[in-house]
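Quick one: structure below, then a few questions.
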Amino acid sequence: MAELTTLREAVAALIKDGDQVACEGFTHLIPHAAGHEIARQKKRNLSLVRMTPDLIYDQLIGMGCARELTFSWGGNPGVGSLHRFRDAVENGWPNPLVIHERSHADLANAFAAGAAGLPLAIMRGYIGSDLPKHNPQIKTLLCPFTGETLAAVPSVRPDVAVIHAQRADRKGNVLLQGIVGVQKETVLASKRAIVTVEEVVGSLDAPRNAVILPNWVVSAVCVVPRGARPSYTEGYYDRDNGFYKAWDVIAREREVFLAWMTKHVMSTADFADYERSIAAEQPKQVSHG
Amino acid sequence: MADATYSADEMMTIAAARLLRNRMVCFVGIGLPSAAANLARLTHAPDIVLIYESGTIGTKPSVLPLSIGDGELSATADTVVSVPEMFRYWLQGGRINVGFLGAAQIDRFANINTTVIGPYGKPKVRLPGAGGAPEIAASAGEVFIVLRQSARAFVEKLDFITSAGHLDGGDARKRAGFPGKGPTVVITDLGVLRPHPETKEFELVALHQGATREQAIAATGWKLKVADALETTPPPTKDELEVLRALHARTARAHGSSTVAA
Amino acid sequence: MAELTTLREAVAALIKDGDQVACEGFTHLIPHAAGHEIARQKKRNLSLVRMTPDLIYDQLIGMGCARELTFSWGGNPGVGSLHRFRDAVENGWPNPLVIHERSHADLANAFAAGAAGLPLAIMRGYIGSDLPKHNPQIKTLLCPFTGETLAAVPSVRPDVAVIHAQRADRKGNVLLQGIVGVQKETVLASKRAIVTVEEVVGSLDAPRNAVILPNWVVSAVCVVPRGARPSYTEGYYDRDNGFYKAWDVIAREREVFLAWMTKHVMSTADFADYERSIAAEQPKQVSHG
Amino acid sequence: MADATYSADEMMTIAAARLLRNRMVCFVGIGLPSAAANLARLTHAPDIVLIYESGTIGTKPSVLPLSIGDGELSATADTVVSVPEMFRYWLQGGRINVGFLGAAQIDRFANINTTVIGPYGKPKVRLPGAGGAPEIAASAGEVFIVLRQSARAFVEKLDFITSAGHLDGGDARKRAGFPGKGPTVVITDLGVLRPHPETKEFELVALHQGATREQAIAATGWKLKVADALETTPPPTKDELEVLRALHARTARAHGSSTVAA
């Protein structure tokens, strides 16, 4: 049953060192504030899962929170590379990172299978691709009806799901709208779930068939306005494309990255404090307003 | 008739757009494919159905998305579905006519590498990885590929096949059991390549006006075959250029700078 | 691409004798008008698929349209038996009916697998049940990751889907709201799709993430007001529970059934004509107004 | 305290309702289970989460539904999902605490038949079939069964096992790999049966006030075992009866007649 709590309390109580954690959000609704809090609390040895590691995992990987990463596309969307991700894979900095690489279709199916309580998903996938040669978890099955060879992949069933959503009601029921990605599946596939929201309202007033997570599948709801920034929340604020570009510069060198994270994330109390910090520092370059 | 002053990138985008037909259902990759697909929609193919893997179906963005899941895609879509549904019901379900992809590297059979340069376990360059491409390449009715031509991108042998084209050619694709026809065309900044009907090796079948056969051969890491009847791509029309430039201008205003980042 | 056409034309053009046809709608939005038209056009030898045969298939089975039936629950909801279905299974009247019996979870998965272009679905199902002994299509698979035995069932990929929905826009895009059952899956699993709607509107004005079928996955859209009756269409009219009870009397005896179908369905021109016919006949008993 | 004039059906519904606890997530079958579950919600378990297989989650109907997909269920639900999602994510996904089922026939191990009386290929009586029950019986945390007790319904041997209870007893269920505990209670119009901890054979553990041990034995097709410490179900309270009768009265007004049809 969802508890309304602070993000600091939720991360402290629900994420343990060594957990498998899936912070999801497909371009839209990426839970950046929660990512910061995981870094701030120096969680270690995490097994991170996410279709698109994006800036949120570039930060966690660079801060040494992760021992392994399951992913399907590791770039800075529309900009280029994720430098911290690359540095970990290419040079093992700050620590070696075991990668489990899959495709979007695979991971989307794997989250759905996890939500469905199944140990595997089947799909028509990876035909002719080299990925199965390097990921022994990608197997095949013969269809007993047609004889077709299909890919069989393990479902994903994280310890903790972390997502951001538009809003919750006072009982902790959560509404997601717009590009909803695999977040519902991620929450339902996971043992525990942290949801940050823009606001808590008296009634969701959701249209019929909207994407809703009832409070009894959510562990904690935390109000964090703008908590998806630099990603966006439909109906609240736009994607901060400038920040994605600026990140390319920040993350390129280890020292610059560490200094930036130390100053703006590790030394701030929470996301509001972080926002003040970067607003004061780089009023032009990082248009985070 | 034609505007004499246009860039090779503009020609590439326009040549790619021309290959899309009205009412096609097109699964669009970000970057060059997205620019071409939206140009087609804004010119000769107003009813083309554009689908992005973020779950946006029938989207009609007025500016090009920087990411695969920009708010503009959601706001202008006929419907927005979950990502699992997108890959299960719409792509694997066989509802896509054309998968429109970019690539970091391709080989002569239009196999695509977007994973690593160098050995997988100790890469020289770690690229972003697969994304949706392996299954788009498998399940779309056919695949169009658009990328700039260079010896670094058009290689003799890929370090890694992320998404299969015609594998090692001939009927390899059919034998492997792919539902879709695979890559049927590669559009570059120099010209157009299509697979030989038998061998499936991609050959140069058209040059854009101003580009030369020698340029194309030099920009290809394998021994490029050139069709006997080499065509010349008609240059951009005034309308095509105007629409494309207006699209890029709107996009730059919306995003603050250039949108076709690597 | 959806054509706006009459139901008579759509059924004539899109349903052939011998086709596998799935008229779906889970209690809500059952396409009764389309069912009538299939009977009226004397389609024969159909392989019918539907989770809950309900009155719509009781009518088609009793009129001799079906050679086989795939289903998972064959009762008159809240009332009792489907007498025409039982007569066909127990006595082979009016013709023998081959049944392929499955569970709800199975058929729901099978439609979803069909929509996903897969030849099979896997599920945790039928454990300890006798159904697999009588349906050889229900097989098992071993999970290559956990060794668990799971049920493997063939996907359903009908020739024709038939559904009812609230409304379409002028381009033929269709909106469904409320209890949406397996209709989206049925349409996407099928080669062709007929959709009857309450009305055609200028714009769907659908909320984000609503259940929408784009016009390019639909073959024909037919305006048939009240076309789900005696089922219901949320936002338009309620379920006619009285008719479900009356059907128990109408369908119990072969002669009564045949006389009723002949008079009200086979001898009427369309659904509006049918409505006039039963309104005139039984103003009290069948409260169809 | 207790109302002296109530029917055996009312006692059964009330006894079943009492077993549901607040905040439980309950997958509800139509008919008797639905009446009991809503009675619980309207009395001691206001935050119970009721789920019907039509996709309605957290529904709070003011009248009992006649069908599993009445508009009232959709209109009062926290969310409405597709039927595939219901069975995949919510039931098979392990989100259900209690599956609440009715039955046409059960045996001593609470296996359920809702398929055929007589041989499958040539049935004497063709029943409706499985519906959602086989997978509810497998995947729900535990299963409650409510049905009227009679020798015709409580049989020595089922002609057909539609939905498995404890199979042939003992640890058979565990060996078969069920995720859920299976049936933990059967509530009838005469009393309450629970499985023996070892054999899993259902035994009479409580009689409703007024019902006798002999009645229960006569209404059971197998040799019914009776617990040493046989309890007596407390009779309905005034509140329980009032709420149940008001619910049935609202329902009758809404549907035009009795709603607990077979």
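Per-chain numbering from 1; labels A, B, C and D assigned in written order.
The rule we apply is simple: contacts are C-beta pairs under 8 Å (C-beta built on N, C-alpha and C of every residue); 3 or more make two chains touch, one makes a residue touch a chain.
Values in this document were obtained by computation on a predicted structure and should not be read as measured data.
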(request) Indicate the lowest number of steps between chain B and chain D, counting one step per move to a touching chain. (result) 2
(message) For the interfaces A-D and C-D, which has the higher count of C-beta pairs in contact?
(response) C-D
(request) Calculate how many whole Å lie between the centre of chain B and the centre of chain C, each centre taken as the average of the chain's C-alpha atoms. (result) 41
(message) Centroid from C-alpha atoms only, then distance chain A to chain B, rounded to Å. What do you get?
(response) 28
(request) Mind pulling the residue numbers of chain B that touch at least two other chains? (result) 74, 80, 88, 92, 139, 179
(request) Could you tell me which residues belong to chain C and also touch two or more other chains? (result) 112, 117-118, 123-124, 148, 178, 180, 184-185, 208-211, 234
(request) Any two chains that touch count here, so list every such pair. (result) A-B, A-C, A-D, B-C, C-D
(request) Flag every residue of chain D that touches chain C in the complex, lowest number first. (result) 30-31, 53-56, 65-71, 73-75, 80, 82-84, 86-88, 91-92, 111, 115, 120-135, 137-139, 160-164, 167, 173, 176-179, 255-257, 259, 261-262
(message) Help me check something: in the complex, which residues belonging to chain C touch chain A?
(response) 117-120, 122-124, 137, 139, 141, 143-146, 148, 150, 152, 154, 177-178, 180, 207-211, 234
(message) Looking at the complex, which residues from chain C come into contact with chain D?
(response) 26-28, 51-52, 71-75, 77-82, 85-86, 89-90, 101-105, 108-109, 111-112, 123-131, 134, 148-149, 178-182, 184-185, 211, 232, 234, 238-239, 241-242, 244-245, 287
(request) Over in the complex, which chain B residues touch chain C? Could you list them? (result) 23, 25, 49, 57-58, 74, 78-81, 88-89, 92-95, 139, 179
(request) Can you check the complex and tell me which residues of chain A touch chain D? (result) 1, 112, 115-118, 173, 184-185, 188, 206, 208-210, 212, 214, 216-217
